[in-house]
């Protein structure tokens, strides 16, 4: 579950300020938002609206401002991010699966190792890794390519490996920032369909996209961010 | 002018082959194509179809295969790329303006310096630089932002700086590989309109894109590449 | 942390050295050179100090007696010397004894002595121990006034030269070492950075999937530790070989050593435990700390 | 290339050193240390060689005459020596002359000599020049058989020690230098890589807008050249200071130098032109070549 109340985010613009600009305008302004477990949500908005910033906020890559004028709070999967210590950030992240526009696979590892790598990083037992990895890879329909290196896969296949990796840790929430940005229209539809299927099995899915056609096609909850504020939030 | 006859491109897949794969399937197969001066062309195709490879071929970043079975030839702006020496590659590139998906601006330089940089690299006289740079920046409607750093610009503005840079050397041909890949729909239209305007002044423009809506909207010549071959070439 | 994770991290650290082999080799070289520099300086100064100690401790002035001086006059000179101020101890050093000693020292020139026969060509002498070495000059002047003295030999100049050399070696080494330490740190830090760069993607992914900072840093720490241990071992072996062959090379120069009141270098076995522990420990520590220090900077989580 | 372009490229090269200051500093340090290493080895061995040359050239054996030997006997001994085989030259060295010489050498112990008065405490002697230094031992044995001889002093041991030290210093420096050269190249290459990395984006853009390879490489070449020149200058200054202060430190030890047939180190002015040209030239060349060499690898156009 994601719950944000009156959240502001301002980047530390020391360098920009040094260049003569003293306005430290917040990138996100008074965001209040609740995404329940099991929801399927699209986030859209123009360049620089703050979509990626919102996502980074959820995984505690950026922190919300502490302001005197409002009572800010932010809760992701039971973690109170306003008071989360640096040490506990990894624990939060283990409850979230992340999918990137550029796949972020390790070229020198095959499909199996790419997925297993994420489990090893969370100190999972070898026995569990050996069972879980083939299972999620199979789920993504990549069983036959399990020993191939990413460079021999198509864009769509690479993104499916990335989704398998995100799923491996059994996260409550999957977040994808423009997962179809480098994909052609047909492959894009394929990937979003997969994410939809995962959602139907109970995982919350949040997708950032520029492609309005996909939103129209799959429907679900739509959150439109405009200049750091929520301009629209509803089902389409 | 671009003229390709029976062009094949095969990547040197030594590393992939070492991994046990002996098939060195050409990425581009028997491509014959002619784009006249002053044309405005879109190239579309699925992921991995070979669009970027075709573009890299034109700027001699990759070379065409030399085959016994066909008479390959490739000519770009008067340069015969089958026999172009390594030393002359820079001369070819000075006749082409390039626009990238990720803008490729230098963060530590302001708008003026980013554009001037490309002219300095071609050993242009200082006097010419001082006159030409403000002119192209003005043309892109960025006159008021000439001293700003790229990080303070919006995505659309950054791409306009990139186009100004591509224009600075007065190229005969402008090539853009997915110039709107990171832009929202409204900004994308803005950028393609700009390129269209440049084309109307006489420069040849070739744009690679995934966004069929843009193609529908702007029309012009459409080249569809499918698995390394030209599947469609005509006006829409 | 699970044992299987630790094994995994150890393998990753070892693999890092190989992936990043050029920089690892540079780290190894510079660490080894720095250790050798420190090691040889310590060995050198400790030998020189021993020699200075020997020469100084002897505080010994040799008073050669004029040839042909009668036994009576020799005895009288002995009494005079005993009575002189700042003289702690006076002992007679007969020409026969001196000849025996020199014969024993100059084992490589036996032929000459055989030819010379048993008659000593050397003068009789008194060996005098001085109480306060600082007042040496005035004591020497007093003694020079006595009769029947041929020559007075003091260790003064020699100690000066030795400690001059010592000072110089220490200063030069310190300067070179300071430069080497700077270079070492930069290289270790760059090795780590190259290693981190090599794995930038992996580290980024590790952070996103929820790896702890410790988990991310351990392979780099292990990498540094291994390089340090290897450098320490190499430096130890080189030091032993170098020191032993230098000892062997100079072992025939017994007169030189005799002049310094010793029969040769301090044997390496005297140092070996300290050297082994010091080298390996220092290198591993420096390297591992350097690594963690620079990882902290690059692996911002 | 236009002059304004060259100015631009030069500024970019100089800026590169600052942008990439940590690695540039490491390059500077390692180049300086390597140069110092070479420089001091050359200076040291050239001094030692001069001393060996002096001592050997003199081929001089001193024959001390027993005290109390009559003038007649002394003359007879002289004739005997002249007649001996392998003896090239014989000259008398009176006790008065010897005393004067020692007084002149030991300027820091004047007090003692004042006290001693004008009477020489030293023995008369003959200085003999040997024709063939290899037959020294048998000649010495012959001479030792003559009458009225107190002691025979040959330069033999000393030459051995000096050349032993020389060999050792050369070997040790060669080993350390080899390691330093490896490290230097790795560091220079990494400095360049870091510099190229720093400008990866710029280089990529340069390639796309049609810059020639030369144009892309010149700033890195200039960067290397500047670092090399600075390292050469620093090494030169440090060598001069170090050498001069070592000379000064040991200048009082005239007896030592006298024993080696010289009055001190070869003055630095003797080397300075070679050192300056050698250091700066070598460093600039190494650094610039290293840079271009590694740029070629990273700047694939």
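Labels A, B, C and D are assigned to the chains in the order they are written; within every chain, residues are numbered from 1.
As a working rule, contacts are C-beta pairs under 8 Å (C-beta built on N, C-alpha and C of every residue); 3 or more make two chains touch, one makes a residue touch a chain.
Not measured: the values here are computed from a predicted model.
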Tell me which chains count as touching both chain C and chain D. none
Chain located farthest away, centre of chain C as origin (C-alpha): B
Which two chains are joined by the greatest number of C-beta pairs in contact? C-D
Averaging C-alpha coordinates per chain, one finds the centres of chain A and chain B separated by a number of Å equal to 32
I'd like the Å distance between the centres of chain A and chain C, where a centre is the mean of that chain's Cα atoms. 61
Once you find the CA centre of chain B and the CA centre of chain C, what distance in Å lies between them? 67
Contacts with 2+ other chains: residues of chain B: none
Scan chain C for residues touching two or more other chains and write them down. none
Drawing the touching chains as a network, do you get a line, a ring, a star, a complete graph or other? ring
Could you please write down every pair of chains that are in touch? A-B, A-C, B-D, C-D
What part of chain C is in contact with chain A in the complex they form? 1-2, 4-5, 8, 201-202, 204-213, 215, 301
Chain C partner contacts - residues on chain A that touch it in the complex: 59, 86-87, 89-94, 98, 104, 106, 117-118, 120-123, 125-126, 165, 169
Contacts from chain A onto chain B in the complex sit at residues 16, 19, 21, 45-48, 149, 151-152, 154-156, 181-187, 210, 212-213
Please name which positions on chain D make contact with chain C in the complex. 22-23, 25-26, 29-30, 32-33, 36-37, 40, 66-68, 109, 111-112, 115-116, 121-122, 137, 140-141, 144-145, 149-151, 157, 160-161, 164, 167-168, 172, 175-176, 179-180, 182-183, 186-187, 189-190, 194, 238, 242, 246, 249-250, 252-253, 255-256
